[in-house]
Every structure is written in C-alpha cells, then in structure tokens.
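Both complexes below contain chain A, partnered by chain B and then by chain C.
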Partner chain A sequence: MSNFKIWMASNWRLFLAIGIFCLIYGTYSFLHPAGGSSRLFVQNSNESFVLISVAMAQTLPVLTGGLDLSVGSVMTMINALASNVVNGSPTEVFLGIILCLCSAALAGFINGCIIVYGRLQPIIVTLATGAVFMGIALFLRPTPGGEVDGDLSFAATFDLNEIFFTYGWPLPEWFENSLGLIPTPVVLIVIVVLVIWVPFKNSVTGRGCYAVGSAEGAAYMSGLNVDRSRLAAYTLAGLFAGIGGLYLALQTGSGNADIPQAGAYTLNSIAAVVIGGTSLYGGIGGVVGSIFGAMSLRAISFNFRVFDADGPLGFISDPLLQPLFEGSILLIAVSAGAARVFSIKNRLNLFGS
Partner chain B sequence: MKSWIENIDKPIKYALGFIVLVLIVGNIYTLINLGTMPFFSPNYLLQQLQVASFLGLIATGMMVVILLGHIDLSVPWTLTCAAMTATAVGGDGAMLAGLTAGLIIGLINGIGVAFLRVPSMIFTLGVNTVVQGLMIVHTGGYAPQTASTPIMNFLATGYIAGIPTALFVWAAIGGLIIFMLNRTPMGRYLYAMGNREVAAYLSGVNTRLILIAAFVICSLCAAMAGILLAGYSAKAYQGMGDLYLLPAIAAVVIGGTNILGGKGTLAGTVVGAILIVLLQSVLSVMQMPEAGRQIIYGSVIIGMLLVYGRAEKKES
Partner chain C sequence: MVEQVAHKRADDSDLILQLEGISKRYGGVKALSQVDFSCKKGSIHAILGENGAGKSTLIKIISGVVQPTEGTLKVAGQVQQFASPTQASEYGVVCIFQELSLIPDLSVADNICITDPPRNRFGLIDKAEQIRVATDLLARVNCADVNPRELVKNLPLSRRQMVEIAKALGRKPKLLILDEATSALSAADVEKVYEILRGLREEGLTMLYISHRMHEIEELADRLSVFRNGEHIETFDKGARSNDEIIEMMIGREYSSVFPPKPTHDDKLLTVLEVENLSWDGRLNNVSLTLGEGEIIGLGGLDGQGQHEILLALFGVLRGYEGKIKLHGKEVAMGSPKQAKSDGSIALIPEDRKTEGLMLPMSIQDNISIATLDQLTKGLIIDKSAEAAKIAEMIEKMSIKIGNVDDAVATLSGGNQQKVVIAKWLMTGAKIVLLDDPTRGIDVGTKQELYQLFRDLADSGHSIILYSTDYDELIGCCDRVSIFYQGEIIRELTGDEINETNIVAASLNMEISGQQAGTMP
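For the complex of A and B:
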C-alpha cells in the first residue's frame, strides 16, 4: 500500500466526521439569513462549546476501552464551583480558574485511581462517582445562582475583538476586521487541542492509551505502563469536562447543579464520540473527531430553527417533532456504521471488535 | 461440611449485612430524635418492598441483558412509553397494549444489536431518544390526561392477604426468570454467551435469537414496571422512568453480576434492589439533603464493589 492509502485507512473516520459536519452545518448556513456571518459563528460556537468539551473528555476513556459516565457530573460540579470562586479581583479570578481546573483534574484522577487500583469496571465506577460529584455540586450550589466575573464572561464568549474592548487594550486596525472576528470559543478549543491533546497523543503515555484500547494484554506484555496510561486518560477526561463546566459558568454568568442536564450531557457525549469516529471498543479515534461529532450533533438541532414553517418541509421546524428527528438521525448515524456487517464473508469476524 | 452462611454468595452476604446496617443506623437516628423505631415495623418494611418491586422488576430485566455483556439504556422511555400507551388505550386491553409497546421496543433493540452489531450502549441510547421523541409527539409535550385502569391500580397499590400485590407480580416474574436462567437451555446460553460469544456461536447456539430474546425480556420487564408505576400514581407522566435507569444498573452490579457478562444471580439483583430502595428511604427519613444523599449513594456503590467486586490481579 502507498503511504497515502495507509494514511487514509487510519484517518477516514475523522474525514467522515468532518464531512458530516460540513454537510449539516452547510445546509444550516445556506438556509439561515445571516449564514456565514461572524455573529452567527459566535452564537453557534458558544452553544457548542460545552458539548465539545464533554465529548473531548469522553474520548480518552473510550480510547482505552472504558467509558466515563461522570463527565456530565464533573462538568456540573465545576460549573457550580466556578460560580463561587471565579469573581472578585483579577488575582482572585485567576486563582479561581486555576482552582476549578485543578479540581476537575483531581476528580478525573480519583476516577482513574478507583478504576486502576480498585480494579473495578469503569462504567460502574464512574456511574457511582458521578453521583458523588453531583452531590458535591449540589452542596456548592443548592439553588441556581452565584456570580461569575462579568468582564471575563464577555471576553470568553464573543469574538477576539471583544477581549480588546473589554479590557480596554488598543486594537490594531488590521486585526479588527480579519482575525478579530474569529469567535473566542473556537480559539479556546484550538488552544486546548494544541496545548493538551497533540502533545499528549504523541507522548508514550498517550500512545499507551491507544495500545491499551486495542489490546490491553499485548500492551502490558510489551512493557507499556498500562496503569499510567489509564490514569492519565481519566485525569484528562476530568480536566476537559472541567473546562466545559468553567465555560458554562462564564456563558450563563451563574452556576446550576442541574441533574437532568448533567445526564443529558453525558449521554450526548457518548453519541458525539461515536459520530466522531472513535470506536466504543477502544483503540481507534481521537479528540479531533469528537469535536466534529459534537458540532454535528449541535448543528442538527440548529437546522430545525431555520426551516420555513410554511414551506413544503415546514413540518421539520415543528418543535414537537424535534426530539424525534434528533433521535432518528442519531440512530441512523450509529446504524450506518453497521454497513460492514453485510460485507463480511466469514461470520466469525462479526464477533471481533 | 460448610455452614449454611458460607454457602451464600459473597455479594449477597455483604448486601444483606449492609441492609441490616442501614436499618439499625436509621433506627438509632429516629430513636434519638423521635423516640420511635419505625424501620423495624412490618408495615414499613412491606411498604418498602412494594416500592422496591418497581425497581426490582426493571433490574431483573436489566440483569438478563447485562449477563450477555450488553446494556439497555432505553429502559427509561420504554417504561414511560408502556405506561403512556396503557393509560391511553385504557379499558381491558390497557396492559396488553403497554406490554406490546415494550415488546416492539425490545425487538428493535435486539435486532439492532444482533444483526447490525451496533454496540448496545449506543444503539439503545438512540432508541431511547427516538421513543422519547415519539412520546412527545403523542402527548404534545404535556402531561397526558389519561388515567390508569382499575386493574393497574390494584396490581400496583392493592393488597392480597395483607401483602402488596406488586410484590406478587415481582415474585412471579422473578420466578419465571430464575426458572429460565437455571432450568432451560436459554439460561445456559445466556451465561455461555456472556463469557465468550464466539465460543457459544461455534457450539451451535443461535446467538442472534438469544440476543433478541434477552432484549425483549428486558423491555417487557421495563414495560411491566411502567404499567405498575402508572397504576401507583394513577397516571403516566413525562420522564417517569428517568430516575430508574442508574439505580437499576447499580442494583444489578451490587448484587454481584459482572457488568461484562457471564456471571450473576437473580437473588443478588433482588437484594441489590432492596438495598438501594431502603438506603434512599432511610436517608430521606433522616432528612438528608439531596446533596448528601447523592454522595452517600455513590460512595456505597463504590465501597461495596471495592469489598467484593474487584477483578483478578494481573499476573505476568
């Protein structure tokens, strides 16, 4: 096989995810009156950020062949924590953010420790720790409310120009109408990917996550530090989920320990990971795919807003039908992966991963 | 000769011990604060068993699927769909209609997992969302105005000879499942497939049929629980099943069933369901705030599993 074919063979799932996103979001942009404008990008990226974060968080445990049912709870816990600590003087805000991110990583680390050293199944451990984290969130924020630094809220949830406006920095003119129009959440995601994911993926520990997910026994026999890889995967999952919680606090300006919302984010994160091309059996996929998976999920619901209610397809915009459409699309998307089943010649191959 | 205590499964032993512990702690609390010991009264215990029968039914079905190493996340809306269908149809055919709804959802789940080979976790999640969407279309997003039928009310809240009828329903279905697991080929196949599906396939087991049957059993149990719950509160409502998914999985696992499949007993699941219901009840009597309840609930699951649910240590 040529190099290109090998490269395609290992990345086609990612390209498929990007393709699905472009198709769905393209339709939306085409139908929307303000399609393609910076304002709309800002709004859409704001609405997608939290789901993207929890989807990124879910990816790492899934890569190791596990699952993290606590990502929604960690997200909510950090959201509640941020509404208590991210306010006051700039130093306090800064320390508050550090505290939030450290607590998030700690929550993930605790998950990892129980799974690795307690030798328990990830799915059931994170189910239980999810309840504990939710309890802590309720302690921190029994009723919705709290306060988050307003300046930071503005700076993080608009475009790059807004950062300059908010803090009164001089804005270079060439910047204002070009780079300045990029939504801040997009930049934040790119930073997280470049600073955390790419170095991690290329490290021995990160490679170990893929190896553990493909064949744990073989990884162990090859002398890889299996325990360290899995610990790192769950710790990073906590951190990513915490980033989402922090952002949700900035976006809403408050905290809310909402149990149904946490559950919905956890379940949607699994769906986003699958659409993004990561195998639930582990070993295949990556965070970038999940980002596109999460954006595709969000873009599906965007689409319902823009169909003309009086047109031939007007029934699609009926809010009552939306959950049904969203569910059907999710079901069709995951079933589409079953196409290979019908091309398999030896039925024994069905039972592999 | 071993004593009878040693013959009980380790998980069941610990879970039973924990149930006694929960009751004693609850009683000490009420003795100090109210001067009474309500938790040992037969009335209280029967009432808790009645509540436990709903969770127990769901956990029974869930266990059959978990024995295969699969999971059914569509339980919340299967339950709600059955309850809504039953109350909407009404009359003599109410329960039949509800169970039929469960049967259809179970068939879809089973076919998706058995023929399309989609991981059950994601397929049933999708089915759950679709059924939720259907129910929202059906009810218009509001609470349905239909009421449960007298038979449903009787099954959920009635008493026969001083014992809640719901317990008889739970016992009857549980008995059927125990018979199925221990005395029929289907039961053997379930354990065999949970341990190694390809080996069961090569031994001539119709693995697809067993997969579909397991998901149908799970959905039927959830549908029955939904019908009972509708009878219990005299109506069906949006989201009535959402609170049952995770406790059902927890009950199965606390009862010693391996989440990866192949190992587990129904007796353990029954004890697990009772433990979870009692724990929730005692904590609410002790006026523990929701936050504390969540933390204790999660810690208990992890604590119990750390005691007896640990995997074998890897040896090189």
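For the complex of A and C:
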C-alpha cells in the first residue's frame, strides 16, 4: 500500500468526525439568520469549549482501554475552586489559575494512582472519586456564586480583538478585521492541543497509552512503562477537565457545584469521544477527533434552536423533549462504537476483550 | 555430573548464559527443579521437551518475565537478577514470544522502535528517524517489502513474525530467545526465517530456539538440550544422539505402555456425525470427516491449522460457516453451543480449561453440575439431593481426587481440573465428545488415566474427536487421524499408518518427499 493509503486508513475515523461536524454545523449555519457571522461563531465556540475540554479529558483514559467517570466532577470542582481564587490583583489571578490547573492535574493523578497501584477497575474508581470531587466542589461553593476576574472573563470569551480592548492595548488595523475576529476559545483549544497533546502523543509515555489500550500484555513484554503511561493518561484527563472548569468559571463569572450538570458532562464526554473516532476498546483515536466529536454534539443541540416550532417537525424543538433526544443520540453514538460485534465470526470473541 | 561441572568451568568465558540450580514453583506445583544449564556464544541452541516439560518457564526466567524461586543466573559470567523483560534486554537478553509482543494498532515502525524510540532534540519521538531504523531492520530480515508505516494489524501473520524478529534485533541482543517462532508460518516463510537465523549466527549472535518440531531442530541447531517434567535431562551436540534416543529422553518411558490397547473395529460403525465441505472465514477449507459410534478420531498437524476451528464449528460457536454438519444422517444448522448440547448431545472440552472450561473460584460441585442444572430442578428450584447424588456418582466414575466437593475448583491439580470439565459434560448425557488438546499441562500419571478414560468412554458408546498437539497421543489413542494443514485435511491415517513419520511428514505437507521415501527401496 502506498503511504497515502496507509495514512488515510489510519485517519479515516478523524475525517469522518470532521465530516459529521461540518454537516451538522453547516445545516445549523444555513438555517440560522445570523449563520456565518463572527458573533455567532464566538457564541457557539463559547458554548462548546467546556464540552470540548471534558471530551479531550475523556479521550486519554479511553485510549488506554479505561474510562474516567469523574471528568464532569473534576470540571465542576475546578469551576467551584476558580470562583474562589481567580480574582483580585493580576498576580493573584495568575496564581489562582495555576492553583486551579495544579489541583485538576492532582485530581487526575489521584485517580491514576488508585487505578494503577490499587489494580482496580477505572470505572469503579472514578465513580467513587467523582463523588468525592463533587463533595469538595459543594464544600467550596455551597450555593452558586463567587467572583471571577471580569477582565479575564471578557478577554477569554470573545474574539481576539476583545483581548486588546479589554487591556487597552493598541490594535493593529490589519488585524482587527481578519485574525482579530477569530473566537478566543478556538485559539485556546488550538494552543492546548499544540502545547500539551501533540508533544504528549509523540512522547514515549504517550505512545505507551496507545500500546496499553491496544495490547497491554504486548506493551509490558516490549518493556514499556505501562504504569507510567496510565498514570499520565489520568493525570492529563484531570488537567483537561480542569481547563474546562476554569473556562466555565470565566464564561459564567461564577461557580456552581451543579451535580446533574457534572453527570451530563461526563456522559457527553464519552459520546464525544466515540463520535470522534476513539475506540472504546482503546488503542485507536486521539484528542483531535474528540474535539470534533464534542463540537458535533453541541451542533446537534444548536440545531434544535433553529427548528421551526410551528412546522411539521416542530415538536423536536420542544425544550421538554430535548433531554430525551440528546440521550437517544448519545445511545446511538455509543452503540456505533460497538458495531464491530456484527463482524465477529467466532462467538467466543464476543466475550472478553 | 561432576565431569560436567568441571567441563563447564573450563570454558566459562565461552558461555553467554549459565543457570545454576534454578528452581521455580507456582504455588505447590514445581515447574522447574534444580536446573543447571548453559549456552555457548555464537551457537543456535535448541531446547526440546514435551508440553509441560518446563521450557516456557525456563525462557520466562531467562528473559525476566518471572523470577526463579531459587538458583542463580549468569549472563556473560555476571550474576544477574532480572526483575522485568526490560531489564533483561538491557543486558542483551531479548526474547521473541509467540505473537504476544506486537501492538496491533501501532505501525510497524512504532512497534520495531517501541522500547527505545529515536528522539529528536525536544525528547519527542523522531518519526523520520524511526522509519529509517525500521527500514534498515526490515531489510536485515529480508522484509524490505513491508511498509514501516503500515499498521501491524493489517499484516499477515507470517509478516508479523518477521517484524517481531526485526524488533528484537533492534534491541541489539547478545542472546536471542525464539519461542516457537515459526509455529504460525508456512513452509516457505519458515525457510526464510532459517536463512535469517543462520545469518545472525554468522554475525556472532547466540540463539536459544524452542520448538517441538524435530525437523526444524535438525536443520538449525548446533546444540540441543532436552527437558522433561521441569528437569534438564541432557545437553549434547547435534548428531551426538539419534532421533529415537532424543524422543525417549523427552518422553522418558516407552509409550506403548501408557496407552490402553485399541479395539479392532471389524464391522462398519454406525455413523453419528458427518461433516461435508465445511469452510469458514478462510481458516477452514472444505473439511470433510465422519465419526462412528464408539470411535476416537484424532486431529493432527501443526498448531493452528484449523483443528481448533473445526471443533468450534461443530459446537456452534462459529458464525456463517459453509458446508454441512449432519448428525445421525440429518443435516443441522449449528447455531449455538446450547443447540449443540441439546440437539446434538455434543460436548466440547475446551483448550483453555481455566477460562473456558471452569469457573475457578466456584466449588467443584457447582462446576460439575452447571451444564445440567435444568435437568436437576424440581419446578424452579434446584433439587439439592439429586444434584449431590449425581455429582458423587460422576466423581466416583471419573475417580477425581478431591478433598471436599465444596472446595474451589482452583485448588485441584491440572489433571483433576480437566476431569471436572469432562465430568461436567458427561453429566449432560453427551454422546459426542470434542476434546481440544485435553492433556496440555497435565502430568504423565494423570494423562495415562485420561487416556484410559477416553477409551472407556468410546467403549461405552461415546464418540470422541481428539485434537492433540502431542503426536504420541494421536498415535496411542486414536482409531483414525486426520492431519490438518492450512485449514484443510491433507491426509487421513488409519491403523498402522498412524505413526510418527507419517504424522510429521503430513503435518509439514511433505507429501511428495514422503511418497518418494515410500516408493524407493
């Protein structure tokens, strides 16, 4: 096979996720009166950022063949923490952000330690630690509220021009109507991918995550540090979820230890990972796919808004039915990940890994 | 013994590997006892032995997968204690395990370089360099046609084996251990591997070669060591012992006495099972066979030629097979093990009794009755007294050595565990018993009991299909033997034709040379 074919064959899942996203978001943009405008992009990317972060977080444990049910809780805990510490003088804000990110990574690291050294199933461990993290979130933020630095909020949740306006920096004219219109959250995601994910994927530890998910025995026999890869996967999951929590605090200007919301984010993160082409059996996929998976999920709910409520399919836009539709979509997405079962010819292979 | 030791001391510098008094126990089972063994630099050293002789434990110890219970291990004269395969490879001891160490979802280059990939100045994996390294190593094993960017899971098995060797060479071994490295390969590929291995010997590499194919060993090895029941029996140069002597060393007994005498089936047997042109997924090709009442037929050939699959097909495990399965002359569509059990009175004694045959933590009694519970109920409730009576009867009949029926089945020895699996199925009233390598990892004494049991079952009207990787078993137990090669039955042997020469020749698909040998005086 030619190199191009091989490249296609190993990336088709990603391309499919991008295709799905383009289709769904394209429909939305077409139906929306302000479709294609910068204002709408900013709004949509703002609404997608947290789910994208949580989906990125979920990707790593799934790649290793595990699952992290605490990503929503870590996100919420960091959200609550941020509403307490990300305010005051610029130095305090900076230290607050560092504290949030470190706490997030620590939460993931704790998950990893229990899973790796306790030899326990990831699902059980993260279900339990998720409850603990929610408890901490409630302790930090018993009622919705708190305070988050307003300037930073503005700067992070609009377009790039807004950063210059907020801090009163001179804005080059060529920039204002071109690059300046790019939503800041999009840039933040790209930075996170380039600074954290790409180097990680190309590190020995990162490759170990793929190897562990694909064939753990073989990875061990090949002399890989299996434990370190797993630990790194859960730690990074914590960090990514924390970035989401921090962003949510900036977006809402407050913190909220919302238990149902945490659960919904965890569930959506799994669906996003599957739509994004990461195999729930581990070993195949990546964070970039999950980003498109998360955006696709969000774009589906955007579409509900632009449905004509009086049209024949108007009932779809009924807010009361939305949880039902979203739940069904999640179920379909997760089931699609199990489609390989139909091609198995030896029934014994249906069991076990 | 004293002489041997003195001899060893004399040319210590010549030895790459020395084991002194190595023993390994797993729980109460002794896998290796007091093994003294050494290996000369620049040679191909073959290790021979039956299943359960301790070969795999030996290589696991040498390559750091498990640690010996006692004894010392020296590499190039230095005492070493390897805690992991990684540590062993740092000292130049690299093992190629049977298709266990490649990661299917990574590319060939990723796999070859997995242990220590080339890094760029940021400490990240340098993909271009990795491709270059992989290309070089693939060329060294005559596999320049494999694209290093290809995912391993897309390669055929024979190519994967070559990638595995390339990967091992990338770790710059001094001692390369090959564990059944050719078991999955076709004859042409095997020849290629030999060429590579001989080339490596020229380069001064030492190789430990584990195989149970005599023919390979004759072709490759310089020295041979025979293991039996966890003990090192003897090490000698190639040619120093005849094949008969070697086989006797491996078996340690005359095999005629081990097996019960075979009856002569004069009359035409009532056919209970017929298979016509069965094909499945490219791994079974037009397999046809018949099984008579009271008959034991054997499935032979190299490992993985479709013997396992035909048993699974008969037991309803395989989806979408082509061809016909007839029971007592009537065609049935075998759709599930449940159906095979109820319609066909078929029982499958699986290859891996620990995962497919038994629920290890559950009691002996629960394991025996699990397949028959629907016959032991009063209404919805299990009839405990009927169950207990039936179980006691089976234990008696099979002479299973147990402490208490409530003990976990995991506490039994391998042989008794196997008897529990068989008892479980006989209780269902099964008439056709499919045995998938039933004596693997079982000690000789229990084996003998099992052989007697198989024959008793056949005499009492059961019909048995026995797949065995052990040629002697096929010779000793079976009325007829079908030899599989690449999913086909290439030869059927009956009566006196069932001997080692014929089985080996047919297994390796050496029909032509076999025929020539037959026709020439």
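Throughout what follows, the second predicted complex is superposed on the first by the 314 of 353 C-alpha atoms of A that agree within 3 Å, B and C clash if a C-alpha of one lies under 4 Å from a C-alpha of the other, contacts with A are read in each partner's own complex, and residues count from 1 in each chain.
Assume a contact is a pair of C-beta atoms (placed from the backbone, for glycine too) under 8 Å apart; a residue touches a chain by one contact, two chains touch by 3 or more.
Nothing here was measured: the structure is a model prediction, and the numbers come from that model.
In the superposition on chain A, A:Val125 contacts chain B only, with no contact to chain C.
By the touch criterion stated above, A:Thr143 is placed in contact with neither chain B nor chain C. Of the two partner chains placed by the overlay, chain B and chain C both lie in contact with A:Leu348.
When the two structures are aligned on the shared chain, A:Ile284 is found in touch with chain C, with no touch to chain B. Using the contact criterion defined above for the overlaid structures, shared-chain residue A:Ser222 touches chain C, although it does not reach chain B.
Look at A:Val204: by the touch rule set out above, it reaches chain C but stays clear of chain B. Contact with neither chain B nor chain C is seen for A:Ser89 once the two complexes are overlaid on the shared chain.
In the superposed model, B is the one of chain B and chain C that contacts more residues of chain A. When both complexes are aligned on chain A by C-alpha atoms, chain A residues 220-221, 347-348 touch chain B in the first and chain C in the second. Residues 67, 114, 118-121, 123-125, 127-139, 142, 220-221, 260, 263, 267, 270-271, 274, 280-281, 320-328, 330-331, 334-335, 337-338, 341, 347-348, 350-351 of chain A touch chain B in their complex. Put simply, chain B touches chain A in their complex at residues 71, 73, 112, 115-119, 121-123, 125-134, 136-137, 140-141, 197-198, 201-202, 239, 242, 246, 249-250, 253, 259-260, 289-299, 301-302, 305-306, 309-314, 316. Taken in their complex, chain C has these residues touching chain A: 65, 84-86, 89, 97, 100-107, 110-111, 114-115, 117, 122-125, 127, 147, 149-151, 154, 167, 280-281, 309, 312, 317-320, 336, 355-356.
Interface residues of chain A facing chain C in the complex, by the touch rule stated above, are 1, 3, 6-7, 9-10, 199, 202-204, 207, 210-211, 213-215, 217-224, 283-284, 344-348, 352.
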